[in-house]
Structures are given as C-alpha cells and as structure tokens.
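Beneath this line is the structure, given in structure tokens, with notes to follow.
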Amino acid sequence: MNAPLILFYFFEAAAAIAAVALLFARSVFYGALLVIVILLALAGLYVLAFAEFVAVTQILVYAGGILVVIIFGIMLTSRLSGKPLVVEHTLPVSGGLVGLAFFGALVYAIALQTFPTSESVAKTSTTFDATQTVGIALMSDYVLPFETTGILLLMALIGAAVMASDNASKKI
Amino acid sequence: MQSFAEKLQSTATSFGGFVPELVLSAGIVIIVVAGLIARKQPVWTALLCALVFLASLLFELTYWNAYATPRGLFSNMLRSDSFSAYLRIIIDISGLLTVFMTTRDPKPLRFHAEYYALLATVILGAHLLVMSQSLAMVFLSLEMISLSSYVLAGFSFSRHGTEGSLKYFLFGSVSSAAMLYGFSFLYGLTGTLDFSAPEFARQLIEHPSPLFFVAAAFALAGFFFKIAAAPLHPWVPDVYEAAPTPVVAFFAVVPKLAGLGVLARFTLVLQAGGHAIFDWQLVLCAVAILSLTVGNFSALWQKNAKRLMGYSSVAQSGFLLVGIAAFLPQGIHYLLFYASAYAVGSFIVFLYLHYFERLGFSSLESFAGTGRVWLWPSVFLLIGFISLTGLPPTGGFTGKLFIFTSLWDAYQLSGKSIVLWLMIFGLLNTVVSLFYYLRIPFFAFVRNGKHVATTNNLTFENLLGLLLVVGILFLFFNPGLLMGWINKINFAL
Amino acid sequence: MTPLDTLQAHSSFFVICLGGALALPLLSFLLCFYVSEKYSWATSVLAPFLMMASTVCAAVVLYQAWNHPAFTWQRVWFSIADHTFTAGIHVNNASALMLFVVTGVSFLVHVYSIGYMAGDTALRRYFAMLGFFTFSMLGIVVSDNLLLIFVFWELVGFSSYMLIGHWNESPAAAEASKRAFIINRVGDAGFLIGLMLVWTHGHTFNIEALRALPLDPAWMTAASLCIFCGVVGKSAQFPLFTWLPDAMEGPTPVSALIHAATMVTAGVFLLGRAHFLFTPAALNVVAITGAITALLGAFAALSQHDIKKVLAYSTMSQLGLMVAAMGAGAPEAALLHLFTHAFFKACLFLSAGSIIHALHQAQHQSHVNFDVQDIRLLGGLRKKLPFTFIMFVVSGSALAGLPLFSGFLSKDAILAALVHWSNTGDAWHWVVLLVVALVSFVTVLYTFRLVWTIFNGEEKSTASLVVSEPPVVMRAPMAVLALASVWIWFSWNPFSFSGWIYNHIGAAKDFHGGFVSMASAAWVLLALAVAYASRGRKLDSRLLAQGFYVDLFSRKAIEQPTLQLADLTHRADKKWIDGFLHATAYAQVIVANLTGWFDRAIVDGFVDGAAGLAKSIGSFTRSFQGGKIQLYIFWAAFAIIIFIIWTLL
Amino acid sequence: MQPYLISLLIFIPLLAAFLGLFLPATSTTSFRTLALTANVLQVIVLVVMLSHFHPGGLQLVELKPWITLNMGSWGVLKASYFVGVDGLSLPLVALAVFVLLVATVSSWKITENVKGYFILLLILNGAIIGSFTALDFLLFYLFFEFMLLPMFFLIAIWGGPRREYASIKFFLYTLLGSVLILIVLIALYVSVQEPSGSAPLVHSFNLLHMADASNFIPHALLDPHHISKLGPLSFRAWAFLLLVIGFGIKLPMVPLHTWLPDAHVEAPTPISVILAALLLKIGGYGLARIAFPIFPEAAIDLGWFVGLLGVISIIYGGLNAMASKDLKRLIAYSSVSHMGFVLLGLSSLTAEGTAGAVYQMFSHGLISAMLFLLAGVLSDRTANRTIAHYSGLATKMPTYTAFVLIAFFASLGLPGFSGFIAEVMIFLGAFKSSSVGGPLHESLAIIATSGLVIGAAYYLWTMQRMFFGVFNLKGQMSPEQLPDLNRREYIMLVPLAVAVLVFGIFPQPVLSIIDPYAQHFAEFVLRSGKSITP
Amino acid sequence: MAPVHHFLYLGAFLFSTGLIVIITKRNTIMVLLGLELMLNASNLNLVAFNSLHPGSLQGQMFALFVIVVAVCEAAVGLAIVLRVYRQYRTSVPDHVNELNQ
C-alpha cells in the first residue's frame, strides 16, 4: 500500500466520518465545522485525482468563502436566543430510510458498473500542468459557460441583495 | 486536436448565431446600470426591458432562415436550430407580455431595475437551456433560470412571498443537485458531457446498466422539476399562490417551455431511436399520467385562483409530456403547436386573473357576480380557460387533438398498452379539468355578487386580451398558418 | 280488380253516401268544437241532425251494397322502402249493415241525449266526442287493413276515455276513464304484436291480400292470438273486463252507445273480419275465453245492485256468447247476435237512463237524496213510469231471449252453432255448450230480477217523489229501439234465425235449428218460471258483486306492484345511478386527498408511527393544512427511489 | 344562392349574435326583435331549401377546404367545411328552425339579463343547425362542443333553484360523452385516408370517406380488413361502443340519463324546449350519421346491445315518469322513454326501423316542445310544478287542459298524432330485424310494447290527478294566479299542435324525404357490415 | 491511485447523507449544509471520472462551474433564509407554513 493510497483512504474516512457526525449533529455551528472538514477532505481527494486546480478552488471558494458566509448566516439567525442553537429532527425514520435506500441503490448500481477510460491511466503523470490547461480551456472551449457563470454570479448577487434588503421587512 | 487559434476562430464565428442572447446579456447589464441612474422611474426600466426583449425577438425572426440549418455553437456547447429558435420566440413574447403585465400594477414596484434584470436573466437562461446540448450548459442555464426565479418568486416582499421563495429555493436546489449528480454519472458512463455526441448514444446502447438508468432518472428529475411535472411538483401551488401574478404567468410559460425543449432533446437521446434497453416511453407516460392525476384532482378543491392555476400548470405539464412521449417526428411539431396554444391561453388567463386581482378578487368565491359587471374581461377569461381545457373553438383544442393524434399513432406503431391508457386517461382528464377551469367563470357569471362599478372596456389590457383571444381562436380556425411554420422545423439531433 | 274498377261498379251516389256516412260524424265533431260557448245549445241540434244525415247515408249504402260485390277503395297512406301502407275502405254486407246499425244507434243516442244532457256545462265537448266516437267506430267497420283498424281501434279507446270521463270533476269518473283506456291499451299492445307478426310474415296489412296469402299455421296462430288480445281488451273479455262495469260512471247515453254499437262490439266485429286468420287452435282459445266471460258476466249480473252495473255485466256476458260463437266457427251467428244485441241493449240502457233521469229530476224538485241507481231502493215504478216500464220489458225480453223477440233468434243461432261445433269437434266442446246454455238460463234470472225489483212491488224511497216520464226526445229513441227488438226485423219466422241477415253476412252454414229452437224456448220458459219462483230471494255474494275480484286482483297483483316498481326505479335512479355519479364525486375527493398526501403531510404520523404515534397526532391536523417543504422533498425523493428500485428489480 | 343555403342557415343566427354584442344591454325589445328576425330569416331560408330539395341522396352540399396541414412523412391532415342535407338531416334541420322560432317566442318571459340570454340563444341556434348539417367529423365536433357552453350558461344563469347542480351535471355528462367521441375521432382520422390513394397520404375528417371500408389505411388499428383485438372486442367494436356511449349520453340512454331530469327541471322553459326537442336528437343523429355507418360490422354484432339499451330506456324511463312528482321531471323521463325508441329503431337495421327512428326524432321534437311549453305555462304562473299540489285544473283552465290533453295523447302514441307513425314503424322494423339479418331479436320488440301501456298509465294518471276532480290547490297558491292561456302562449302552442296532428295524419311528405335515406342506411350497414366480417 | 469506485461510493454516501440532512434537520441553515454535501458528491464524481479521461478536462471544468454555482446558490439561499428569519422570526422550515390557509 503506497502513500497516496493511504492518504486516499484517510481522506475518505475523514469525509465519511464527518458526514455521519453531521447527521447526528444538533448544533448548526458544529455542523458547519463538520462540513468544512468534509470539504477539506474532498480537496485532498481532488489532488489525488489529479485535479489540483479544482482542489485549490475548493479550499478557497468553498471552505474560505461559502462557509464563512454560512457561519455569518448562523450568527444572524440565532442572535435572538443567544445560546447555542439546538436543532430538532423531523421525519427521522422515514428520512433516514429514504437516504439509506438511495445509498443502497447507488452502491448496488455502481458496484455493477465498469467505466470506460479513454486512454491508459498510466500515461498521465503528476506533472501534468492542469492549471495552464484549465486557463486555456476557459478561454477557448469553455468561454460560453465561463461568461454565463459571470452573468449568473452577477444576478445571484443582485438577487441576494434584493432578498436580503432590510427595508423589505414588512410583516403582513 | 484543434489549435488554440482555430478554437478562437470557431468561437468568434459562433457569436454569429448568438446575437439574441448577446442582446439579452447586454440588456441585463444595461438595465442594472439604468436602474442605478433612474431609481425612481420604473417606466423607463420597463420600457428598456421591453425593448431588449423586442430586439431579441426581432433578431430571432431575422435569423429564422439561418436557423434552418442546425449547427453547433461554442464547441458544440449549444445547438442553433429552428426548434430552439421557435421556443425562443415564444419565450421572448412571453417576456414581453410579462413586462406589460407588470407595468399594469398600480403599486410601485420596488427594486424595479433588479426585477427586470432578473426577468431578462430568466429569459437568457431559457434561451440557453433550449439550445444546450452539453450537460454543463444545461446545468448552468437551468441554474440561471432557477436562481433568478427564486428571487422573482419573492418579489411581493410579503411573508407569503418569502415563504414561496424559500420553498421554491429549497426544492429547486435539491432537484438540481440530484440532476447534477445524475449528470456526473452520465459523464462517467459516456466520457463526454455533450449528450448529442455520437459516443454518448453509443455508450448508452452498447453498455446499458442499472447505473445508467439511475443516472438518467436523476437527470430527468431536474427537468421534471423545471416543467413542474409530478412527482416533482409540490412547490408549484405554494409558489404560484405567493408570487406576484405577472411572475406566475411568466413561470407558467417560460421555464416550462425551456425545460420542455431540453427534455425533448434529452429524452430523444435516451430513447436512442428505440434501441435503448430501458423503456423511456413508459417512464414519460407514467409521469404524464401522474401529473395529470395529481394536477387535475388536486386543483378540484382549491379555493384560491392562483393556487388553482398552479395545479392546472402541473396538469398541463402532463399534456405537454404527452407530446414528447409519442417519440414521433410529428409529435414534436404537435408539441410545439400545443405549447404555443398553451402559452397564449395561459397568458390570457393570467392577464385577467391579474386584472381581477387588482380589483380585489383572488379567491374563487370573490369572483361571484363579476361577469355581470366586467363582462369583457370575464368573457376573455372564460375563453382562456376553455382553451386550457381544450375545447373548441380554441387553439387548445387543436393542440390537444394534435398531440393525442401523435399518441394514437405511437400506439399504432408500438402497441404498448400504456400509451393507449395515457390517451384515454388524458382525454378523460379533460373532463375533470373542465370542472375546475370553469369554476371561476361559473362564479363570475352564475353566482350573484354585489358590485357597483363602471368599467372602461377600451383599455390597452383589453385590446391585448382581444388580440390574444383572436389569436387563440385563429389557432383553431386556421391552424395551418402556424402549423405550416412549425412544419418547417427540422427536429433532429 | 283495380280500385278504379270497383269505383265504377258502384254509382257515384253510393260513394257520396258512403263518404257522407263516414265524414258527417267527423264533421259533427269538428263543428261542435267550433260553436262558441254562448251558443252551446246549438250543438244539441246540430249534432243529432248531422248524425241523422249520416244515418240516412248509411241506409243508402246498406241498400246499395247489400248483396253486391264488396266495394273497395285504396290510397297510399305512406310508403317506406318498397312497402306501402295503404288506407282503404272495404264495404261488404256485414260492414254495410254494421255501418247502418252504428250510425242508427248513434243517431238515436244523440236524440236521446238532447233531453238527457240538457243543461250540462260541457255540452259541446259531449256532442263532439259522441261524433268522434261514432266516427272512430265507423273507421273500424269500413277499414280494409289491419293497421287502419288499429288506428281507429285506439281512437275508439280515446273517445271512450273522453266520454266515460265526461264528468271529470267526479273522481270516480276520472278513475274509470283512465282505467278503461289503460286496460284497453294492454290489449292493444297485444294487437300491435300481432301486427308486427303479420307485417314480418305477410308484408301487408290488407285483409283481402292477407286472405289470399299462403300462410304458415304456426305464426298465424301466434298472430291471431295476439290480435285476439286486442279483442279481449276492447270487448271486455276475461280477464280484461273490469273496465266495463267501471265505465258506468259515464253518462248513460254514452253507456248505451258503448254497449250497443261502438267500442265493445268492435272486438267482435274484428273477430268476424279477420276470422280467416284464426287457426283451429286459436279458435279454441277464443271459444273458451268467450265461455268463461259469458259465465262470469252472467253470474256477476245476478248480484249487482246498480241498474247500470247489472246491464254492464249482462253486456259482458252477451259479448262472451258472441266470442264463444266466433270461437265455435260461426261468425254469422255472432254477428247476428251483435246486431240484435245492439238494439235491445241500447234500449235497455236508454230505459235505465230514463229512470235515472226521471228520478233525478224528481229528487231535484223535492230535495231528497239517495242513489237512484241502486235497485234495492227502487220498486213499484210501473205506475209512475209506465212507458219506460214497457220499453224495459220489451228490451228485457229480448235480452232474456224470450221467443218472438230478436234475442231469441240470435241466441238460437249461437246455440245451434255450438251444438254443431260440439258434435264435430273434441269432447270438451260440450262443456262450452253447457256453459252457454247455463248462461242463457242465468240471463233470464237476472233480467227478470231487474225488471221485477224496479217496477213491481211497493215503492220504497221513491214513494214521496213526484216522478214524471221523460220528454219525448228521450222517449222516441227508446220506442224505436224497442220496436227493433222484436223478431220481425231479423227473420220472418220467429223461430228460425236464418233470415236475411244471417244468410247474407257471411258464408252462412245452415244448421238444423229446429230442435234447438224448441229446446231453447222451453229452456227459457223454464228459467222464467224459476225466476218468478225465486223472485224474492236475494243473492248476496261478495264474490259475484265484486266481479270475482278480478278487479281487486289486478289492482293488488298488477297495478300496485307496477307502481311500487316505478317507485323503486325512481329511487334507484336517484340513489344508485345518480348516487354513482355522486360516488365518483366522492371518489374525486378521495383521490384529491390521496394526491394531497403528496403535497401535504397526512402521512407525517403514518410514516413516523414507529418513532411515536402520540407525538405526531398533534401535528397531524396542522400538517393537513399546509405544506412543509421538507415533506415535499421527502415525498419527491420517496417517489423517485421507489420508482428506481421498482425498475431495478 | 342555392349553394349557400345551409351556410346561411348556420350563420344567420351567429351573425345576429355578433350584432347583438353591440346593442345596448338596456333595450329588451331590440334583442327580442333581433332574435325573432334571425329566426324568421331562417324560416325563409328553410322554405327555399325545402323547395330545392328532392328526395334522394346528399344535397345542397357545400365543400370548402378548411384546414390542410402537410405533416411531412405522416401525410396531410385535411378538414373541410363540408355541409349538406339528406333524408336524415333535413327533417331535423326543419324541426330545429321551427322549434327555435317557438323557443324565441317563448323567451319573452325572460326579463333578466336579456342581452346575454339572447346572444347565447342565437349561438346555440347556429351550433344546433351546424351539428345537424356537418359532414366533416371535425366540423361536427366543433358544433357539438359549441352547443355545450351556451347551454350550460343558459341553464346555470336563468334556471331554477337547483340550477347550479343541474348545469354542472349536464355539463360533466355531456363533456364526458364528447371526450369519448373525441377519442374515436382521433383514432378514425388517423386511420382513414382520402380515396385518391396517391402520395402524400391525406388524412381526412370526411364522414363519407370514413364510412367506406376501402379508405382505411392498411394495418391501421381501425382497418376493417385487419381486425385487431383489444380484450374481448376488436378495436372497431370498442370505437363503436365509445360512440354509442358518447351519443347515448346525449340521447339520453339509460343508465346515462340522470342529467336530463335535473337539467330539464331547472332549465327555463325555452331552454327545456330546445334541450328536449333538439339537443337530444343530436345523440340519435350522431348514432345514425357516424356510429352505425362507420362501424357497420360492430353495429351488427353489438346492435342487440344497443336495442336492449333502447328497450331498457323505454321501460325504465316510463316507470320513472310514473313515479315522478314533478311535472317537468315526468316529461323529462318520458323523453328518456321515447328516445329509447330511437335506439330500438336504429339498431334494427331495417328501413322501417330507421325511418321510424328518424320520424320519432322529428315527432318527439314537436311533441316534447309542446309538453315543455305546457309545463312552462304552469311554472310561469305559480312556479310550482308539483303534481300533487293541483287538482281539477280542467274547470279553471279548460283551454290549457285541452292542449295538455292533446300533448299527452300525442306523446303516448295515439294514432292521428305523429308519434304513432314513428312508433309503429319502429316496432315493425324491430320485430322484422332478425328475419332480414338484423341484430335484434323479436322479443325486444315485444317487450318494448309494454312501454305503450306504461306511457298511457303515467300520462293518464297525471291527467287524473292534476286536471280532473274538484278544483283545489295546495302549497301557497291562489286561484287568481291561474288564468287560462294568453294569446302568446296560444300562438306558440297552436302551430305545434297542428304540426303534430298534420304529420300524424299525413306522414308521407316527411317520410318521402326520410325514405331514401332509411333504405340506404339499412341496406348499407347490413351489406358493408356483412362484407367486413373476417 | 485508488479505483474510481471508491470515489463513487464516497460520493454516494455524501449524496445520501446530504439528502437525509435536508429532510430531517429542522433548521434552514443545516438544510443548506446538506445541499452543499449533495453538490460536493457530484463534484467528487466529476473529478473522479475526469481522471479516467486524462486527455480532456470536461469533468474538472464542470466541477469548477459547479463550485461557482454553489456559491451563487449559497448566496441566494442565505439571503432568502435571512429574509425568512426577519419576517417569521424562525429558521425552522416547518414553521414557515402560511400558504394555503
């Protein structure tokens, strides 16, 4: 068993354990932290899957951006109670059963499956300069999604601003 | 592998077939900027937005002949063809109508620039969605529609609006996450994101597997969410009830048609000319039957006009799915016809629901006696409902006749009993649907109410309504004109 | 022979008279309705006058048609495909004679009605319907095809409905008229089936054409029995006779008309007309039915207390005799009895009417009220109403079949025919003969009883009344009819029935009647003696008084169940068929709720039942109302996973 | 002029309705005049039409292209404006014009929202004439559906106390029926091609083409030469059954009839008249025009079933009428009973039966119009139609009673009235059916005769209860409320009574129009039905 | 490198966990977290599959876009949650339930 493989299982185990913990977490704050753990573990896995650029984006944008925003949201929505927010569960049995059913069905389907590979895996090397390729792709093949994402971001921010605007709070 | 320069070159040429979308994109930015300048003049932003849609529409029409030969844009991310062009035209017109309806609201519209920009974004997303043939673009444009819609749904800024927004958001993002998950597997199974690519279909046919089915089912779930088909419909009534009426009218047409366009393409790939191992026809028929049942039967007992229209929208998705489920070339043409008739009928209804809502009528009972006072609006509303039901002499009937024709053809070809059941069931559902569609006219004309009002029939609204009504009647009496146009559409991958 | 030829064979005068005889009653019907309310008295002049003209025409027709080839005339009524439905006239000896009798009796009844109905508020309707009644009957008499006969057959029913119910303010009259029509309709339905059979197998309704067709006995039996159903209804045969006694609720002249010339005789006439259709098997049924009817009628007449009901049952009994004679294959005898009966029965009714009229007038003057038709209350009227008494005795003698009266002749003919029949056929034919003999015996008994009770003895309720004979317009018709009740008009020889009528109304068989005549005369005299001997006895049998409970039976066993059935279907309509609709409406609610499961959260408690039912009950009602977004998602996910698992498996 | 006669007949009322939109709502008389003018014009056109018509096949045909859609490989979809009259439709068109005129006169009583009322009435008028003349299935269906909404609102707005329930019930039932018809319509035109046979394939809605077995596309599901089965029956038999149910609802046929009593009881008088006299006929017309000729072999196979339903309708309707406590309801059930005769006559597949059925539709149109007008006379005066609340009306309203008497006796099939001719021919046809290869057993005709007795029973019983006996009223009515017929009512009733009588005594003029059709119908269905049997 | 299946199992696990979290947690922010889990499951798949096709970058690029979309969703979602909180004073989704009353 080589080092990448050990790392791989480490990250997998970390993500899985954190996810299980999230299921039983009763505090939103802990939940957020657990999600950060998962995201970081996934970033590690991305590196192992030769997607360094994605991994970096994952850490910067997700762990750095989204989660901060979420924690900010937690603060805002729990400011009244002052004490740590305790989350109740609704539909625990049925929700769990459905989730398990999904998991079972997916595992069953995945296990039966072999995936096509376009070229031999061995040919790839860790020195493959993903970042540059990504940059070129974004400017050529993926210019449309790239621009679309731009508009999407713009409108999402504007929309978020509209939704969150304070003077809109009327009680009807 | 192409060189970078060649890629840039092909990208540049792609912009040629992309003018309406460019106009829309530019329009979004301009509206946002204009909103910053003209904070207090909602009319100007509305006019600007209308101009953008009109420009987009005009460009679509001018390029109509160019769309006749399909071609891929942006490295086959998009596909420019007359099928999508037709849907884009309906979408643009719907956008125009929505802008108009919004301006009729007497209450000052807060965040008007943002509102119109969001409308334009949804229109742009819908444009992109109907053209997409890459899973990535599908996801992005779908998100573009969704995210803007979540905000639009909350634009009444009331508690209810917020609630609708939240429900829409939660339900929508979960469905799109599921869809994305399905996409990821599809990518893994076929090695490509371009679902029109030959290897995509080849992998489907040569290596069918349970995982493939699961993945496709997840992907379809996202589409079904977008067109409000059962079982991914529960958000619909809440959102329809909570959102401002122009927005609801918009939701009832634009995202639905956009989703329908991509669904038609996607399921055609899945079906793979009948070579697929899974019977997607069965799936579509089952979903159609379920949507019809759920939509129609739940609508029967609604008390709120908009909520009722929400369920009706679910049922209409069932009818639209019928057009796809036939899996016949002319089925797509018929579908487009029905979609057009649906769009017109739906806008007539919402135009006047909005009209009456402004007068203070929103629950069904409150409509009592309105037909006596507001005769023309009520009559137009009635005609809209008749068209949605699918009775002559409206385009709705012709559309229904057409899609069920293709279904019967499909049955003759395949002999699958589910197709026959869908046909019988769908037509019988017409009876059920009439029951609730007629409830508002029933209250309006039959019940007595105490309304004292002088009415002005010569409003622009009524002229527009008249235009739409004439249109829907024209679709019945001379369907050849539109159908001749639709028939020129070549729908293939 | 083409229709044109037959036309030429008869003079145009004949045709005009025939047309007049037929059309004048119809004209009377139309004109009477046109007379304005103010001049309604004019109808009582107009109608009898038109009837008289009609009678004269009929007399001419009779004179000219007698012993000539039958007059026929046909027009296409309507046609369908290659079949034509014709309307035509066929006048032979029998129908010409019948024509005369009907118009004549009708004329006399008209005249009588002038007096009897004077002062009635609906005089116009009365005379109009009398005219129409006569016209319908004439239609039956002269029609040349079964369909047309059926048409007039029904019209006779209609006019009798109108006339029996003339005094429709009286509930009993309304009831009686309704029952008469409906019971007739039962028979008519059978008649119609017969028509269908005839049409399907013969493709024509024309009687002469049918006569010429080669016919299959099986369907002929069926067809003739079905047609006989019509006769049973119209001629008040067992078991459809109950309407006849009830029909006495109508004005007495109408009863006279119904019993003498129209309506009930129509059946017998039809039997004679379509006699060739009847196979021996069918004839047996006819004979037995006739005998039963005759017996029932005669015995029922014995214990009636109402003058008119006695007469009604007696008519029924006489009709039974005619039908039995028909069944015995002697249509001539039956027809002869039909004619004789027409006169004496009309006379009897008019006489009864005269009594009723006179007593009513008297009652009116002295303000006393009792049922003038109840013979138990009458007695000793001979002195007060001598003319009526004579009339009654004459016509009663004819009814009883005393020698020298017409009734004796015709009854003789029937007996002779039956004797002949029972000699030639099966053994049981004797039974019919015996029954008929018994009937003629009983006839004497009840006739004697009637006359005796009314006219002899002490006056009872009438003692204090000042009774006067009816006016001359009423007496004259009675006199004419009484005159027509003696033998001389029918046969020169008072003891031989084979006179001019008998020998020419059909292919008469000459029976050796001498012995039968003697025996019959003796039998009748014996009966008279018995009647005198038992004159004081009363026969109080509820069975007989109620007409053998046939009426009760039909009410209990047919009418009530039908009404109950109607009620049942009506409730079924509301409950089951409509209920089904409502059930589907409920089903819609259920389906809506089921689909509501999807949207709402009914199952909140259900799914989490394991976690704690108690906890979720509280949220149950609330969850009913509105959507919880997580439940939405749950259900969508649930639907998808179920679908996926179902497909994967 | 001649080629446009039918169009004139259809479009005069529609045009009038359009004009009516622009008249001020306050002027009551202007709408009456408008409607009456339209009706009178229609009568004139009808007279011209009758003078141009010669007994025989299809005449006064107008055939204009309407929809032609080239659907590429699938073929061409073609619907046309195709109208014409023959022996089946002409009597019904004439009846419609006549009854609509009477109904318009009878509408004088309407005072509320006159504008809406007359416009709807005129639309209904055009749609009814259109349904009776259309020879293109799509066109027929258009008119068929077009009658629905005006009728619905006419009942629902101007009706009696339970009008909402009744109108919705009427609507749901009829719509259900029309959906069933729509299913067959779709299946049919997909399976039928125009006889030219050249490419491209032309899918036609032409009813005449559909009735020709050789026009079916080979191996289509409804192709008579390759009968495909679905369950126990062939597709064609299913289609036939769907049509029978669809039109049977309209007819109405037991057990699909329960909308009728409610609709009648609640509808205003003129609407009841139109409903009974005309709308029901469209059911029978549809069967004769569409169901039987297009699926002849199914008609032979399943004719016994249709006939049986007819007999059940006759008896069941009669029994229900007997138990009805409301005069209008009684008349409504009697309609059920009488329309059962139409089913019996049509399914006999004989010339007599068919002619009788058409004649029955014609005559029942007149008689039921009269009956409902008479019931309307009472409702107008006292708004009370409960039979038990009246007695002895004959003394108070003698003229009215006379008309009721005529109508009742006409309805119960007394000779001399038009109903008799129809019923006799139906009986003859039904009885004869089996002997010429038709589907009905003799026993059906025999059982059906009991309908005659039942009919007499309920009418005469009603007569006895309401009109005879001592004059007496119950239920808060005063004798002053009950004057005898007024002039307007008289004017409406007399022509109907005369017509019923005239067509009862001289049926030949109408029968000579019907006759060629009836012969052709019976012969055609039997022959082509037998030739199709695999 | 580990077999691609192991990535997928983890992805499936994350997806199911996310779904359970979304359904069961009575807090809107927790629901958002569950949503992020589901999106990440897809990303993991995309990246893993991309490793099977080293010549192309489709999966990775898609994953990048997904991350951006996730940002947008989070932003809009949080804005909505804030608004809900302001108007309803709760972050329990079940309590936001006034429609169809």
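Before moving on, here are some points about what is shown:
Which chain is which? They are A, B, C, D and E, in the order written, and residues in each are numbered from 1.
Keep this in mind: a residue touches a chain if its C-beta (ideal position, glycine included) is under 8 Å from a C-beta of that chain, and two chains touch if they have at least 3 such contacts.
Predicted model only: the values in this text are computed from it and were never measured.
Contacts with chain A and chain E are shared by B, C. Minimum number of contact steps separating chain A from chain D: 2.
Shared contact partners of chain A and chain B, listed by label, are C, E. Remark: among chain pairs B-D and C-E, B-D carries the greater number of C-beta contacts. Here the chain at the heart of the shown protein, by mean C-alpha position, is D. Chain centre most remote from that of chain D: A (centre = mean of CA atoms). With centres defined by CA atoms alone, the chain at the far end from chain E is C.
Separating the CA-averaged centres of chain B and chain E is a span of 26 Å. Remark: chain C and chain D have CA centroids separated by 36 Å (rounded to whole angstrom). In terms of their C-alpha centroids, the spacing between chain D and chain E amounts to 64 Å. With centres taken as mean Cα positions, chain C sits 76 Å from chain B. Counting partner chains per residue, chain D has no residue touching two or more of them. Counting partners per residue, chain C has 627-630, 633-634, 637, 644, 648 as the residues that reach two or more other chains. Residue positions 4, 8, 15, 19, 22-24, 28, 31, 43, 48-49, 52-53, 61, 65, 69, 72-73, 76, 80-81, 83, 87, 93-94, 96-100 of chain E each touch two or more of the other chains. Those chain pairs judged to touch are A-B, A-C, A-E, B-C, B-D, B-E, C-D, C-E. Those residues of chain A that touch chain B in the shared complex are 105-106, 108-110, 112-113, 115-116, 118, 136, 139-145, 147-149, 151-152, 154-156, 158-163, 165, 168, 170-172.
The touching residues of chain B, counted against chain E in their complex, run 135-136, 139-140, 143, 147, 150-151, 154, 159-160, 162-167, 169-170, 173-174, 177-178, 180-181, 183-185, 187-188, 191-193, 237-238, 241-242, 304, 307. On the side of chain D, the complex with chain B involves touching residues 66-74, 77, 113, 141-142, 145-146, 148-149, 152-153, 156-157, 163-164, 167-168, 171-172, 175-176, 179, 182-183, 185-187, 189-190, 220-221, 230. Touching chain E in their complex are the following residues of chain A: 4-5, 8-9, 12, 15-16, 19-20, 22-23, 25, 28, 31-32, 35, 38-39, 42, 45-46, 48-51, 53-54, 57-58, 61-62, 65-66, 69-70, 72-74, 76-78, 80, 85, 87-92, 94-96, 98-100, 102-103, 106-107, 110-111, 115-119, 121, 123-124, 128, 130, 133-134, 137-138, 142, 145, 149, 152-153, 156-157, 159-164, 166, 168-171.
Taken together, the chain B residues at the contact with chain D in this complex read 328-330, 333, 372, 386, 391-393, 397, 401, 404-405, 408-409, 411-412, 420, 423-424, 427-428, 430-431, 434-435, 438, 442, 445-446, 477-480, 483-484, 487.
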